[in-house]
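Before anything else, here is the set of structures, which you'll find just below.
Two complexes follow with chain A in common, the first pairing it with chain B and the second with chain C.
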Partner chain A sequence: MTVNRRTFLQGAFGAVGLVMAQGALSKLVYAQGASGTLRVAIAKPAGNLDPQSHYAIWAIQDLMFEPLVKYGRGGQIEPCLATDWKIEGGGKTLHLTLRQGVTFQDGTKFDAAACKWNLERWMGLDQFSWMNCSKYFESLEVVDDYHITLHFNEPVLALMQELSYTRPPRFLSPMSVGADGKFKEPVGTGPWRQVKADDTESAFERYDGYWGDKPSYERLEAKVIPDPRSRVAALRSGEIDLVGGFWIAPLTPEEAKQLEAAAVNVVVDPGNVTLVMAFNPDRAAALKDSQVRKAISIGIDRAAISQVLYHGYAKPAGNLFSSALPYAGKQHGAPVRDAAAASALLEKAGWTGGPIRSKDGKPLTLEMVVSPDAVPGSRIIAEVIQSEMKEIGIDLVIRSVDHASKHTDMLEQKYDLGFFLTYGAPYDPFGSIVGLCLSTFKNDVEGKLVTDPVNLDPLINAATAATGDQIEPTIQKVYDWLRDNDAIAPLVYVPSIWAHSNRVQGFTSPVTEYDMPYENIVLAAE
Partner chain B sequence: MKNLKPLFARLNKIPRAALITIGLFVALGTFAPWLAPQDPSAQNLLEAGSGPSAAHWLGTDHLGRDTLSRLLIAANTSLVSVGSVLGIAMTIGIAMGTIAGYHRGWVDDVLMRVVDVGLSIPSLIIALAVIGIVGPGYWTMVLALALAWWPMSGRISRAVAVSIMSKPHIEALRVLGASPWRIYFNHLLPGTIGAVMVYATADAGVAALAVATLSFLGLGIQPPTPEWGQMLVDALPYLESDPRQVLLPGLALTAAVIGFNTLGESIALNRIPKPLTRRTLAARRIEVAGWGKESLDAK
Partner chain C sequence: MVHFISKRLQQSLILLFLASVVCFTLVVSAPGNVAVLIAELRGAVATPGYVEQVAEEIGLNKPLLMRYVDWFGDAVSGDFGISYRTGQDVSADLAARMSITGTLIAGSAIIATLLSLALGFLGALWPYKLPDRVSRGLALLGASTPTFFVGALMIYAFSVHFQLLPSFGFSGPETWVLPWLTVAVLPAAVLSRVVRIGLEEAMSSPFVLTAKSKGLSRTAILFRDALPNITPLFINALGTQVGLMTATAIIVEPLFSWQGLGDYFLAGVRFRDFMVVQACLLIFLTFFILVNLIVDLAVLLTDPRIRRQWS
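This part shows the complex of A and B:
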């Protein structure tokens, strides 16, 4: 057969028609198979769901396992498996009243015995000593079927916040473990029961014996789509309904903007995580001078970064924590870029000349370590800062490394300037203050944002030892010290970005980045 | 001018498109710092992602930097890094290959086994390993790639050296009492370099791609130095909203790689006598028939 114009055109039209028909058909099939099912994208398989291990996607564990208390908006502690709690003995005793009529998904009753079995799996163990309630745990006593009392040998800071964490404090059915007491199957008290889990998806069915408000749809499927562009394409083709979440399947501001342009529903929450720049005066002597640190801080155009790189979804940060968190302290506006003032500060500090300033014959060169895998978008932000630093006479060298090297470099302090993300709700403010700023606290994962054993440690210790009304003024002193000394440079509050299909109605952003926001969703009929 | 004639004749045999592409690449790469209309790393966030205009002929990138200037300077970056990689790799490779080819025997065996080990590991993996140990940076990348690249030229130069060494004129030189140094530097080395250079042309495209790949992975050239691979990865998030940003560095890289490959291939092919086409055969027949006539005329 020879190809002439007619056969070519016939063939081309036929092919285009076929593709369009297939597209329409596949949409129809997706929709049909999905009625009553919420399909969420996850970036990697859900992993080992054991609430006492650290491998799974938090939000998947959140579907099945519940805590004693929930972390609500603005840090409000809300009842969950415990209906009432009382802290006595100066913070050393916790009386818990457990919810009645709760059963695990395998039919086992949730009572004081089940609660005790769960708490003893992790409280007081070395492995979990990063949590104060585990570090100071003394004893546990069952009062009756629905009352339990915990004793600690020290007052526990942010005790109820800690009990709301996803792991390890969530509750697993005592019947779901193997003979050796090790985790076997994920059986919790939550509204979703796992029916399937493999490398391509995890599927859940509604647990009809759930004690609380049951979801309005029967099934939830978490589909593994590792590539960000494929996730966005899947949402647009109707293959999935919901995508987003920092730890679930992150959407970049650019992707969100493109989705918005394509009339997809995008929900942006100001978020409760802060992107902070750390100074390392131990390695770069120039950074020992607070004037240099201040010059760098006011030399950065936070407004432009949030406007151009985050497309306006992020807010410039003037504090370590945003007001979305409890005890976030007095909120200051973000520093406005002032190149002239920054240059003047550097002159005053003795760094003169140009185009790169120098002092005692040494040029003002600083190295910034970035890892876009660890902190999304950090390399581009670094490039912007690099160009802004050049304008005020600082030579900034960018060293981009992979995720693992970033962790080791930060731990070994092999950087002059680096990026940190605060932990966010429910861990903050104390999680980041202790984990990233207290020199005596061992942090083997992120390294330290800033430490000062002489000046900062006493302030942090006072804040963590404070109770009641004393917490606010003592923690404010920590924030004031950080601010007055320009010890850190908060850049932006990282937004929480989600996008969903038209089937999803009533969506609200999750309270923390560790929750799956399934709760208020109603699926529209198509 | 007369001396240049054979050169032009040889250049004429090379596909014109490849010659122009590579000529442009080398010329633009060499003179990029003078040709670039603007500072390639000067940012203007307010103009980020704007299209072609009088001020920015090819538009700006995601940070408001002039794309044309960046593409030009990136050509310079690629040219210098590819040149350095091949320069270092060939120096090591030719030295090893010619020594092996000259000496033969156990020296040859040892050196060629080392080459075998080098060849058995994919070059990009060696480069990644070196960068992983030393840490990313411009010269680390160049050295890592050179380290990955030399075994190939080592193997080729050894083969060429062996063939030169078995030629009668080398034997004649030996008989005449030429010193090993003279044979090596005056006869063996120049012949080998010429032959290996041909392969280097074809390799330049692959090396340019390797440099771009490493930069794409964030392990090669560090910002703000513009590099095509880096520009590609930076532009990827904007693939949908502004494909221009991806297309331009992509096209530049593709053109350079295809250009080098075609060039290398045609140079290599030009060294082999071509089978005669029907038309040349016919032309020759007519010419030969003409000879007969000529001889008749002469009578």
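This part shows the complex of A and C:
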């Protein structure tokens, strides 16, 4: 047979047609294969799932590994692998009753011995000293097969919240480590058992020996899709069922709006993380004056930021924490922009003239450091604030940096104004108050939102030392001090955004950004 | 010929050494403390002691020269260290990902070659007529459309709208089509102009007049006489485009969720994962140098004038 131009072109077009036809066919087969399978997007491979390691996606670990207690809505602590607990000795002793009839996915029994083996893998180690229960750990006593007692040398603040964290407190089968005691494979007590994991996906099958309510579908696949636009396209084309979550595969408000316009189900939860603006009076002398800080705060149009930049999904913030968190304090409305009042405050503080105000011959110029990698959307928010500041006579210079440089700059206080995100549930309120506001707590990652060793530290120390009914009034004093001194400027409560296909029914947003929201989902028949 | 190859190999090795110095310097001179970033990735709140431990663990406290010597020595023996971000062996990750990027570049190069030859010949067969104008227009469109936009359009058209092809993944020929086409568009556009102009120049050569006087048709002359003449030129241009495809892979792989070297490099850059970035840069540069070497050899084999020059 001779190959001429015509036969070559016919062959080439035929080959392309065949590939496309095979693609269409395989999609049909794929869709049928997806029956009984929830397909979730994840932005990166799940990573090393050892609960005592720090690399994995929290939500993937959440599928397999369970804690002693769970963090419920509004901060309620709910039983999980522990059915009962009692704190005694002024917060220094914890008695735990373990759940009976629980087995790890490899058949190993969960009992006091397994519990002890797990807790001793991390409690008391320096690496985990950022957790109070590890920092103050003294000893562990096995009472019987299903009762253990933990002793601490200091009262542990938010002890039960800490035990609900995804890592390191979750439980791994003692049989799933090598002879050297090092993690080998992910085997937990949770409802999902990992059957496959590589750089493209992690697949899980329902663990039928699970002690609790089992999922109504048999399989869960977490597909790695790094590009946000591709995640949106995959959801729209029906290749995945669920996308969202700050640490899983974040959706921006813009993307959520596009999906809504394409009739895709979008679920927005108010969330429990706050975007806050920090002032650095140590670098910018003008910010030492609370009138200037207040002028900046009321010069910002939070409602516009919420409506325009977050497409109405975010709520303007008037507090460090939203009411979704426990001990969030008395809730105040967000300040309404008042440019005239802001200008008057600046005049009163001695900053006069225009278009950029000055004092003693020095212009009122402030530098704002932003990192869109660390705080998504922060560059645009900064630009909006920049134009609003100009209206009241402040020259705001924006310096955009990458994630690593942002950390260095914040730590070394190379900024006048900067954005911070609070840690959110289950870490807050104490996580952010201690980590970001207590001067004596060394936080070498994010830097400090605000510190005042003389006035603020005693209030925080009192709040963290309080127990029972005393917690609320003492922590309120911290919030009052922050508010009375305009020490920070909360901007918006960052929403938790999810989108799902029509196959997914009964979806509810997860309680924390670290959980996978699989629990209430029912998959509709194809 | 042997002399030519040995000279080019020597030059390539020197270039590779210089490239390793450049990529190491570039990566380590970036601002920001990577130890803090890693500490943050590993835990919710990191203590100063832990940040210091991380800095020690990844060798940040050593002098720069020592760090370079350590890294280069290990790299030469195939050990690219451990990823700061994932804790996994970088060499193993590279080995797993290389075939993915290789598939992307090989497939795209073949498509780009076929498309460019088709468009170039279309224009040359009917010069200054409708097919020529159409191929010129397509080339202009292809060359001036950014790759990420081409990819987004492909996904929207073939995955979201017609639902014919998957929008992500690397699990079979149907998942290869869109990434191949996305990467191939720009090189195809550029190469089609190389073919078209090369053919036009060749067609104005004296040997074409001879062929015409022998009674050969324009099509026969184009394929039999002009095509071999533009081959060295085409190989040179193709080599450059294949080299540039590594840069395109950085954009296209994450878009289609291909866990290749481009995706690995991008993740490394975002998280200041020194080991990954340095290893990827070195591989990209080695690939570029290797492609150039192959192109030189191919040109030597296809162009008798250069062969004579080195004989």
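Convention: the second predicted complex is superposed on the first by the 497 of 526 C-alpha atoms of A that agree within 3 Å, B and C clash if a C-alpha of one lies under 4 Å from a C-alpha of the other, contacts with A are read in each partner's own complex, and residues count from 1 in each chain.
Here is the rule we go by: a residue touches a chain if its C-beta (ideal position, glycine included) is under 8 Å from a C-beta of that chain, and two chains touch if they have at least 3 such contacts.
Just so you know, these numbers come straight off a predicted model, no measurement behind them.
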item	value
Touching partner for A:A304 - first (chain B), second (chain C), both, neither	first
Partner chain(s) touched by A:K223 [first = chain B, second = chain C, both, neither]	second
Touched partner set for A:V454, first chain B, second chain C, both or neither	neither
Contacts of A:A263 with chain B and chain C, given as first, second, both or neither	neither
Winner by number of chain A residues touched, once chain B and chain C are compared	C
Partner chain(s) touched by A:Q386 [first = chain B, second = chain C, both, neither]	first
First (chain B), second (chain C), both or neither touched by A:E239	second
Contacts of A:A340 with chain B and chain C, given as first, second, both or neither	neither
Partner chain(s) touched by A:T252 [first = chain B, second = chain C, both, neither]	first
Residues of chain A at both interfaces, chain B in one complex, chain C in the other	229, 401-402
For the chain A and chain C complex, residues of the former touching the latter	9, 12, 16, 19-20, 22-24, 26-27, 30, 44-45, 47-48, 53-55, 126-130, 165, 199-200, 223-227, 229-230, 233-234, 236-239, 373, 401-408, 411, 423, 427, 431, 435, 442-446
For the chain A and chain B complex, residues of the former touching the latter	229, 252, 254-255, 257-258, 261, 301, 304, 307-308, 372, 379-380, 382-384, 386-387, 390, 397-402
Residues of chain B touching chain A in the complex	41-43, 45-46, 48, 62-63, 135-137, 218-219, 222-224, 234, 237-241
Residue numbers on chain C that touch chain A, as the complex places them	30-34, 36-37, 39-51, 85-88, 96-97, 114, 118, 152, 155-156, 159-160, 163-175, 177, 254-257, 259, 263, 266-267, 270-272
